[in-house]
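Going in written order, the chains are labelled A, B, C, D and E, and every chain counts its residues from 1.
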Amino acid sequence: MLASLFALLIFPAGLFVLVNGLAYHWIDRKLVARLQNRVGPRWFQPAADMVKLLANEEVLPTGVDARLFTALPVVALAGALAAMIYLPIAGLPPLYNFPGDLIVAVYLLSLLTLCTGLAGAISKDRFSIIGATRALTQLFSYEAPFLLALLGPAFAAGSWQINEIMAYTSSQWLILTQPVGFVVALIGLMGKLEMAPFDTPEAETEIVAGAMTEYSGRGLALFLLGREVELVGGLTLIAAFYLGGINNPFDYALKTLVLLLGVAGVQTLMTRLRIDQVVGLWWRYGALLALGQWLLLLGQRMGT
Amino acid sequence: MDTFLKEGRWSQALEQIKLWARLNSPWVIHFNSGSCNGCDIEILATLTPYYDVERFGIKLRGSPRHADVLICTGPVTRQARDRLRRIYEQMPDPKFVIAVGSCALSGGVFDGCYNVVGPIDAVIPVDVYVPGCPPRPEAIIDGVVQLLGKLQQGARP
Amino acid sequence: MSKEQFTIPIGPQHPALKEPGHFTLTVDGEVVTGASVRLGYAHRGIEKAVESRNWVQDLYLLERICGICSHIHATAYCLGVEKLAGVTAPPRAQAIRVLVAELERIHSHLLWLGVAAHQAGFDTLFMYSWRDRETVMEVLEQLTGNRVNYSANLLGGVKFDVDTRVLETILSGLDFLETRTHHYLDIVSGDRIFLQRTRGIGMMTSEQAERLGVTGPTARASGVRRDIRVDAPYAAYDRYPIQVVVETTGDLEARFIVRLKELLETYHLIRTLLDGLPEGDLKTRMPRRIAAGETISRVEAPRGELFYFIKSDGGDQPARIKVRTPTLSNMASVTQLAVGHQLADMPMLLTGIDPCFSCNDRLTTVQTSGESETWTWEKLRQYGIASYRERG
Amino acid sequence: MNALEQAQDILAAWVQAWHTPEDNRFDAQVAPADLISTVQALDDHGWGYLVAITGLDHGAEAGEMEVLYHFCRGAAVLTLRVAIARGQAAVPSVCAIIPYASVFERELAEMLGVEVYGTPDPSRLFLPDDWPEAVYPLRKDAELD
Amino acid sequence: MKIETMLRDIIQSLFHKPVTELYPAQRQPTPQRLRGKLRWNPEKCTGCCLCVKDCPCSAIELITIDKDNKRFVMRYDAGRCTFCAQCVQNCRFNCLEMSSEDWELAAMDKALFTVTYGREEDVQSLLGCVAPTGDPAGE
């Protein structure tokens, strides 16, 4: 497992994704700070945090399965990185593709949440356990709408292969024809990443740090990196599917940054949702809307 | 010989990087061991737009496991003593302690009260002391900056 | 059947305040049969220490009972001791006491708004309200030289005068704060997502509030018209009357609104006060020994009625000082409110505690076997939701 | 009739002595045995609310303690003063009538060593868990380190 | 979904400079009345000790070198002081003042907080006579 992670890491694309993740993480934090009328962190902040965590002592809580405890963050990051193989990194064509790779990529991206949940569950700390339950609840409530929302474009394009869908979307802006899907996908991504109004699983004022409470040092760093990779992956997918595809690095940067601004805006504007609202909101509206749109598309296709 | 030198340089560079990261990413946890809240609000104020310590990479964490710096306020009351010690022990190494406010330094007005054990350094080691009752948010930032300065000089690994 | 105990520790190490405490609930089946609170992490023994220090030193000790209401504690104490000594502070001093008290109210209410928003996970509101709070902090620092423990009071008067520069800062600060307060009123009564966490939550009817001895904005949000500034005016409040702000819904939203409307009232008061600030001395002479006697001093702190009982036996140290802080009586009220309710209602009820409104995040079940299992606020709440669903 | 005169009327049956130390205040000396009836009477008439309970230790020589129940109504403060012997300091609990008094009574018990019989929750409120038994910090002769 | 009230705020912020005061790179001027570190002027002191009497936390101490010639030394501990200014109020000869400049007092060594004020020769004589015992606070 370590070897495969290593292979992915030295892979220039993997490295690029990591750097890209750190940068986007910074931009996100900086934007939120600016929207709150503050200066915010310096450009190297996420990198410094990461290096520091990697250098710090990693405390192994008593009474947990040491192997699982250390393996989970690795799996989480590896999963997120592996998903990137199928995505158009920086607007370049995906490294690998095969029919149905969309589903694989989306599931690899959910691996992180799953690992977070598991990590919390084995930590035997009360805050971790609630955090874990919440993370898993949220997994089910965001993952599904996110997937459904991405299936919209797939359906429109009539393919489950990412590069084929992109070929279709680059000729038209699906955000115009499928606005609901776009919103659901973006919110779903924020939910997956546990970003501000949907950060119930790690609500600091309520349960300290959620599933991550017992993690320190390296484990925490890997989880955070995984999340950054996922941010990049998610934004890439959404931009590629809804914002008229991404054809070159410049296009990529422009579109994902616009998305990031939107994400920051939502983060600052809203109050954290309670976990029941989170679930309720997404099962009831998110999933339904996505499904509705999907059916509509189906109908259209049948009609034509 | 050659490789030995190279390795030396390599590990030196690594140390440098680690130090740089540590200096630029001090995550803090705050504990009130019996203060009047005065110092605590000023610490909270340093997070808000006027002072915004996120500029220095400072983040307030709830879990001692994620924190590098423990900021303590208030004299230590009997009831809080063990908790203070426990939080300190839970933090991963290397860890640092800043005592904020006259109470945390000497007991301040509360010195001699029956339920007060004493200042923070009677219970755990303290790296930087910030006097004031309460110190202004800028003075607290000054304390943090001094701690970072101390770190940079390598007073403690 | 079996009696179980739940302990809910509140905020053991939160940046944002309060004497940390625990709530312990005893339940019989589903019904809460007892609730109790345990404080003491910040107990320093002030009431004892005052007896071995002189009257002047005690002023500073009492001021530091809490950094949020520092001035009001000192004022209550000074007024009481002056009454015992048969001395009255000059009118200008009394007016300045009121001025600082009202500025402190502004800082305290904005602080609460921010902390409450932070608790609800609305950090942007926290950031903005604390940003605006800096305005009043700056004013206070200019006026008294410290941002928190102003020590503006002296036995027999005040230390600091209002000069023209400070006056201008205050007035311009007030204009800014007034627009911002209207803005916040808009938010707390209009933002739908925020309202989901406040409207209809932590309900307390006026009868309950009355019976439970709740004080301050919490009581006024439940329709209890009780405000010492009006009921028993002290210092200079008889010269600057205020309107008591009352809401009737008694939920969290009402508590937000009462506080913000109170701020508008406060701005008005400060303006009239500065308009006709009486001329004269800042202090009178105080004897070092205070004539024997007992007195009671009641003032309206930002969080409710603050009560002082002061006894002197003629020496230069007090014989006994009893302090009843508003937060203590509000805590007391919640423990009572709990009894007889369903366990499922607990979160909403505990949310009614004044200063923090979703801090009750952790609870431990101590089962009869003596083993301790962990329950969380969340679990309790979900338990609540589930049980409501069952009940339909 | 103002609030204090009303209170005087309500309590006439039990009060042993009264005086008016200040404007708007009224102190009523009540025997420990009558405490419950007086509080009940006040509650029945809806007179004011309990703000605080103060315990006073007059020191070892005097051999006496007092427990003060402060009731407020608007600007008026009525204080019921209950004198008890220092050796067997005990008062009945008023929690049956005023439930929130529990917190005040716990404070009274742990700080002054006044036994409050019938109080629903006798556990500690402020003092630390490792505080020695039978050391009451607010007694005049308390031995504190 | 009434969020436009907050929206106004954040959009304004996006196009305005943050309010953040860039301390320590830039220092705002401090208010005149700021109560910082205590200062003592020995010239006018009469040794009445009124300042010491009411200090709530024994942060100051007046040491008499020569009572007849009014030679005193004041030892002040900023780590104990609560900056209440009661001593300043008490002194009828205006020997004491609180600096509005000296408020960045953080230090890594507690011993640095104790300062001895006084005329050069008095401080010398005090330190000189106390130093051999090795316990500067031993009187």
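The rule is simple: contacts are C-beta pairs under 8 Å (C-beta built on N, C-alpha and C of every residue); 3 or more make two chains touch, one makes a residue touch a chain.
As the structure is a prediction and not an experimental result, all values here were calculated from the model.
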Contact-graph distance - origin chain A, target chain C: 1
Shared interface partners, meaning chains that touch chain B and chain D: C
Comparison of B-E and A-E (more C-beta pairs in contact): B-E
Label of the chain whose CA centroid is most distant from the centroid of chain D: A
Remotest chain, chain C as reference, centres from CA atoms: A
Distance between the centres, which are taken as Cα means, of chain E and chain D, whole angstrom: 44
Distance between the centres, which are taken as Cα means, of chain B and chain A, whole angstrom: 33
Approximate Å spacing (C-alpha centroids) for the pair chain A, chain D: 61
Inter-chain centre distance, chain B versus chain C - centres from mean C-alpha coordinates, in Å: 29
For chain E, residues that touch 2 or more chains besides their own: 3, 6, 9-10, 18-20, 22, 56-57, 82-84
Junction residues of chain A, two or more chains touched: 33, 35-40, 127, 205, 268-270
Set of chain C residues in contact with two or more other chains: 40, 43, 45, 48, 60-61, 64, 124-125, 127-128, 131, 141, 146, 149, 191, 193
Every chain pair in contact, whichever chains are involved: A-B, A-C, A-E, B-C, B-D, B-E, C-D, C-E
Contact footprint of chain C on chain D as seen in their complex: 21-22, 24-25, 49-52, 54, 56-57, 68, 70, 72, 74-75, 77, 79, 98-104, 111, 120-121, 123-128, 137-138, 142, 144
Touching residues (chain side chain B, partner chain E) in the complex: 49-52, 55, 102, 105-109, 111, 121, 127-133, 135-136, 138-139, 141-143, 145-146, 150, 155
Complex contacts: residues of chain C adjacent to chain D: 34, 36-40, 43, 45, 47-48, 83, 210-213, 231-232, 293-296, 298, 305, 307, 309, 311, 320, 322, 324, 328-329, 331-333, 335-336, 339
Footprint of chain B on chain A - complex, ascending: 29, 33, 36-42, 44-45, 47-52, 55-59, 127, 204-205, 208-209, 212-217, 220
Chain B-facing residues of chain C, complex: 12-13, 15-18, 20, 40-46, 48-49, 52, 60-61, 64-68, 70, 111, 114, 126-128, 130-131, 133-134, 137, 141, 146-149
